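The same chain A turns up in both complexes below, where it pairs with chain B and then with chain C.
The block that comes next holds the complex of A and B.
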């Protein structure tokens, strides 16, 4: 990947530029909730933005594939079906997204632009300018270094910010990113060598702080070669609560289902899609009633095949994990079935 | 935008965030800062929100016009209700009216409904579906501690050295608690599970005992007998000789083995483990409380906890797994015929004194329970106001319940959807969902938490509390506009258990567990009971369950709840994702019996009992023992409870709806 251009911007200058942008465009940024947690939502002023966060507990994929969205509405007009699409998304800026989530988006891009192009997803993607914020401070659940999901990225962003204290080192990843700086009159200076050195130091420090909990390689080999004993899957299947949380919070998981809501007998209604989960038994049940993955064990197995087997890594260009660590917190089976835990179990089995 | 609220799908009360966009709730996600759920939700928590915008939501009042329900205005509906109820009251007295409240309402709403029923309508007949789940727990715990509530908190599970789960499937029904138990088992804490059906997590527990259905009381008494015989009881416990003299002697492990089918040495082993491991918690569910002699069962569990010194210390206690989101709040607000707000008995003078200021009138005695209301419907009971419960689906012997509702002169139903019960209504009032209102839910350990309005009420639907206020005004009572905060403060002024809590505190992640004045290290129970000690009350007598298997009906059928299900299924069946999980109604049979009967998994069968039959798909499994059938309840394909008996236990008024005799017929 081509190295991106780099500039430095004083923090307050950047935020002022962002503030100007907010007057005309929706800016989604991290804000503190009442309970002290952080969530991403549209902001009106730069003051609302918090920098005191590592990540939102909810993956930012929700801004591109919402948990429930309207595909179209339909109407019976004298025997003919009239379809109406939802309005096109308006341009917006997603500020402060972390590297792992951004890497997750790359994974979703691959899926939604494959054999079939998903227009709703792509429209949202195209209308969103992404300003990511590289991580200086990982959480103890983060393991992005194991999956090449961060803490700093080389591409995928329009702008990537690195917090250098008083200023940001800004990687310009696209024309749109450059245009943002120009349009909102963000005063930039060419990045100096010492800024780059500072960033390198931060990267090293962050890498050192991160405990590489998920050594994927051996687990990938085990799974790809079908070397994991059935008893291991049996045990994990019995442990699993099938809550689906791991898939919902995974930046790489993209499965959905489609359903219609009709208004009585009027022939009028809306078609929705909502997140689905391979951990639910309804996910693979066939019309005949037969379910190839009726047991939780089969579903857990399936999930890790998709995440770690070579066939899928080759197809997707990346393991199905970016190391955000959300599956650790969200697991109802108390950290038995998250990626690092399962990777450890698979590695040790054989 | 995300709105913080409390999950409305079970008694755990997990912290939940609703994501709202353009006045639509589009997702639910877990609250990481919540002290109990710590960033997790179960299947229901993640997907239950899909009911909020379901197209079948009722959005305007409906009034019966001969056979059909026709749209009406709120004014018309409320005027008609007040007119008809007033007529019935004039003709037959206030006692001709009954109220059944929902266990899903907020506590403020439950309190208002209570006040409306007793002080405006003047009827003593008021009840909720806590009756069907935990009436015996209410009775025993209220008697023993003065409060009908768990004597330990959920987080105490982390401090316990031994856990006993009996008659419950916490993983399926109160998943968060299931998750704490699972974690304890993984840490090496001995977990003892007693259940007629092996569950997914049973394999992780140190001890799994599979007694014959309906024999738990014998098993618990045998454990008590073993503990006493070996002197393993807590040194300070009083009244032991009383217990010993009152028939406990005969519950030897050998005798219990013949009754329960559990090896005697296993009974001795678990009795020893439970008595000797240190602080222990007993968690029980409807597998205990819906049996014959349910009150004796709960009393026996209380005895076990008390005898082993597990009532009044940290990391120990008795936890009834109340499975509705606000069962505890409903009990707190006194929405059961024997109770008044604040865990007082309705007949006590203290109650009269405490309520005198706010309540203009109060019936002097207890009234009918749900089963009694149904029995007297069309006779002594002429009008019924049924809030948020689908009795035609949830009541045992459901056909009889439907007939009872049809015998009424006037039936008002308030719900989100046109349920089988709502179809029988003379007036149907549209209530709004948890996402459209403010208030509090109290989880099964007494944790009071805020429910926040994420979107405005859909259509003309209204929060239940608002409807109660309007209805009271239609009766001429000076109820002000509905303000949950003011109602909460009114409750605090008469309910000592809610004292010392500020409304702002409730907004903190996890809210406040009552009693709020519990000193650190004191544990919930000590704060509740003060100097009271609780008593050992012999619980050895009692008739066996009403319908043992016989030649005609050779199986013992017992019921339980599947993971994605809740209550009567009115809500979860309208979540697209949850409904998809619940594809077919199955009945489980042991692999041995399936072989003998030459039946195979996947085949359609009829499960037949003396009350009716239900078409199910057979599932042959080793999880249930020969001679038994297990039926998950409340599938949308037909009312499972219609098969179950409605024989009522007198002590607590709970129907014996857990077990009955059944046979299989090929379909």
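The block that comes next holds the complex of A and C.
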């Protein structure tokens, strides 16, 4: 079967197959917590899975680049140190990831390859089968259509599911996706033209509900050519709390800090990395005390240069935004420094 | 279950300290070799590159190579005690070990500038990375034209490599001039910032390549003067420094514009520096 093949599967059949898979492999899926919030975590039965969600509050990059992770452990000894890398990750399935988060992973994949390959991230990616769930119903903070982040994707998934009511339209994106359907005996039917038509109709309906004002184009031009007036950055710098929330919830942000933890005087310890943020004042502070980005304004400018300048779009192959809207939800600066808000401000600034 | 040992770009190699030289009250030079004999034989670096050095349990920091890339099986880094890692390094003794990742980063042009006049302008602790280029150039002295080294420091005691400076001073085939901001009783050389030395040397601007390294404020004035003298932007070579963590283009700390100092640098021509959106 071709990689781009489409099939339809009755919903309960798919979930039964997924349930069989759970007996052997870790499956991470959306579950509803007691307080009604939906989050992604390992599940034991398909019954735990909820479909009553648009997205997790936290980006799913955390399953590939955890907020804190071990780089290696060490044991200082006489005349030498014993070093040990963390073990390879085990195979697992990520079910229900939304298109924007998946597009964010594509962004990170590109970044963590390059001249130096970050195998800590890449091995986790390689060992995770991705079953994404396309969006029929956006949140009022969604703007993926402005950044090529959804609501449906053409690639990047092993399987992409579209909810057609009683059944899923399943795009098979890889051999591993095909193998999943075979291995777990998921009964498939060849997709009919009307199924694809129905998906197109759902997509158009979804498009119409999106935030229509987050067009990136002009902001990209203004930032690339350094045409944004300093007063505009001054304003934004004055509004920013430098809390780093926007970068932590961003599926495209990947900056990290590195630090050692030791266990008492044993000489044993671990080097970790943890998420860091270019919005923190200490991000560029040098040991001498010199800080090239001491002002919040310079850091806000940095964030948007990285997200929207042509130099970065060319380097990364994609703007540093997938339209998930999480920065709108978390921004403490009265929702004035999220991507759609800033894009709008830059567009209107002439 | 396998592990990531072979492919983990964050995992250092062990290096043993062969020698430690006190340069100034707060600066020491460490001579190192990799503990693994086979790795040490294969270890090659170029002038201008750097390593990430680890004190396990304290952390990691970047240091430019300060020695001749052709010196076999050993390398130097010159370290000023400023932060946690450098202070921890300063209490180490010969025979102790460090973690080392590298060589990292790009390098100074060397073969590309043969036949040219060479001008070095160094300030304080900016001399060590330039030394990694001066050493191999002086090995091939005949391949270059006029050869000038200008060195400035706060006080005579703050100069690094004092015996070497004396050697340079005594060489007939190079011009070495030094200056300090604040002299002591014995100081008989120049007084003033390093740019005051420009008028003491005769330069053939069109055939000179300038290399400069030092505190950011010094670099700014040096470049200004070189441009005023008529240096072409691509004949002014400097290094950029930023707070750095990973050294391999991933952690994001050292980014300026879309360039990462650790992989696209640390060596840049002024023409490249000028194009960066923040300087």
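Note that the second predicted complex is superposed on the first by the 344 of 350 C-alpha atoms of A that agree within 3 Å, B and C clash if a C-alpha of one lies under 4 Å from a C-alpha of the other, contacts with A are read in each partner's own complex, and residues count from 1 in each chain.
In the analysis below, contacts are C-beta pairs under 8 Å (C-beta built on N, C-alpha and C of every residue); 3 or more make two chains touch, one makes a residue touch a chain.
Keep in mind the model is a prediction, meaning the values are calculated, not measured.
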item	value
Room on chain A for both chain B and chain C (clash or fit)	fit
Contacts of A:315 with chain B and chain C, given as first, second, both or neither	second
Partner chain(s) touched by A:285 [first = chain B, second = chain C, both, neither]	both
First (chain B), second (chain C), both or neither touched by A:215	neither
Contacts of A:119 with chain B and chain C, given as first, second, both or neither	second
Chain B versus chain C as contact partner of A:259, first or second or both or neither	both
Once both complexes are placed on the shared chain, angle at chain A toward chain B and chain C, C-alpha, multiple of 10 degrees	80
First, second, both or neither for A:88, with chain B first and chain C second	second
Which of chain B and chain C A:269 touches, first, second, both or neither	both
Minimum C-alpha separation between chain B and chain C after superposing on chain A, in Å	10
Touching both chain C and chain B, counted on chain A across the two superposed complexes	257, 259, 262, 269, 276, 285
Contact set on chain A toward chain B in their complex	33-37, 39, 41-42, 57-58, 62, 66-69, 238-239, 241-245, 248-249, 257, 259, 261-264, 269, 272, 274-276, 280-282, 285, 289, 296, 329-334, 336
Residue ranges of chain A touching chain C (in the complex, touch as defined)	71-72, 74, 76, 79-81, 83-88, 111-112, 114-120, 123, 226, 254-260, 262, 267, 269, 271, 273, 276, 278, 283-288, 290, 292-293, 298, 301-302, 305-306, 309, 311-312, 315
Complex contacts: residues of chain C adjacent to chain A	1-5, 7-12, 14, 16, 35, 54, 56-61, 82-83, 86, 95, 97, 99, 216, 241-243, 245-246, 248-253, 255-258, 263, 277-278
Partner chain A, residues of chain B touching it in the complex	1-2, 4, 17, 19, 21, 24, 26-27, 29-33, 38-43, 45-47, 50, 53-55, 171, 175-176, 178-179, 182-183, 186, 200-201, 203-204, 507-509, 563, 576-577, 580-581, 583-584, 602
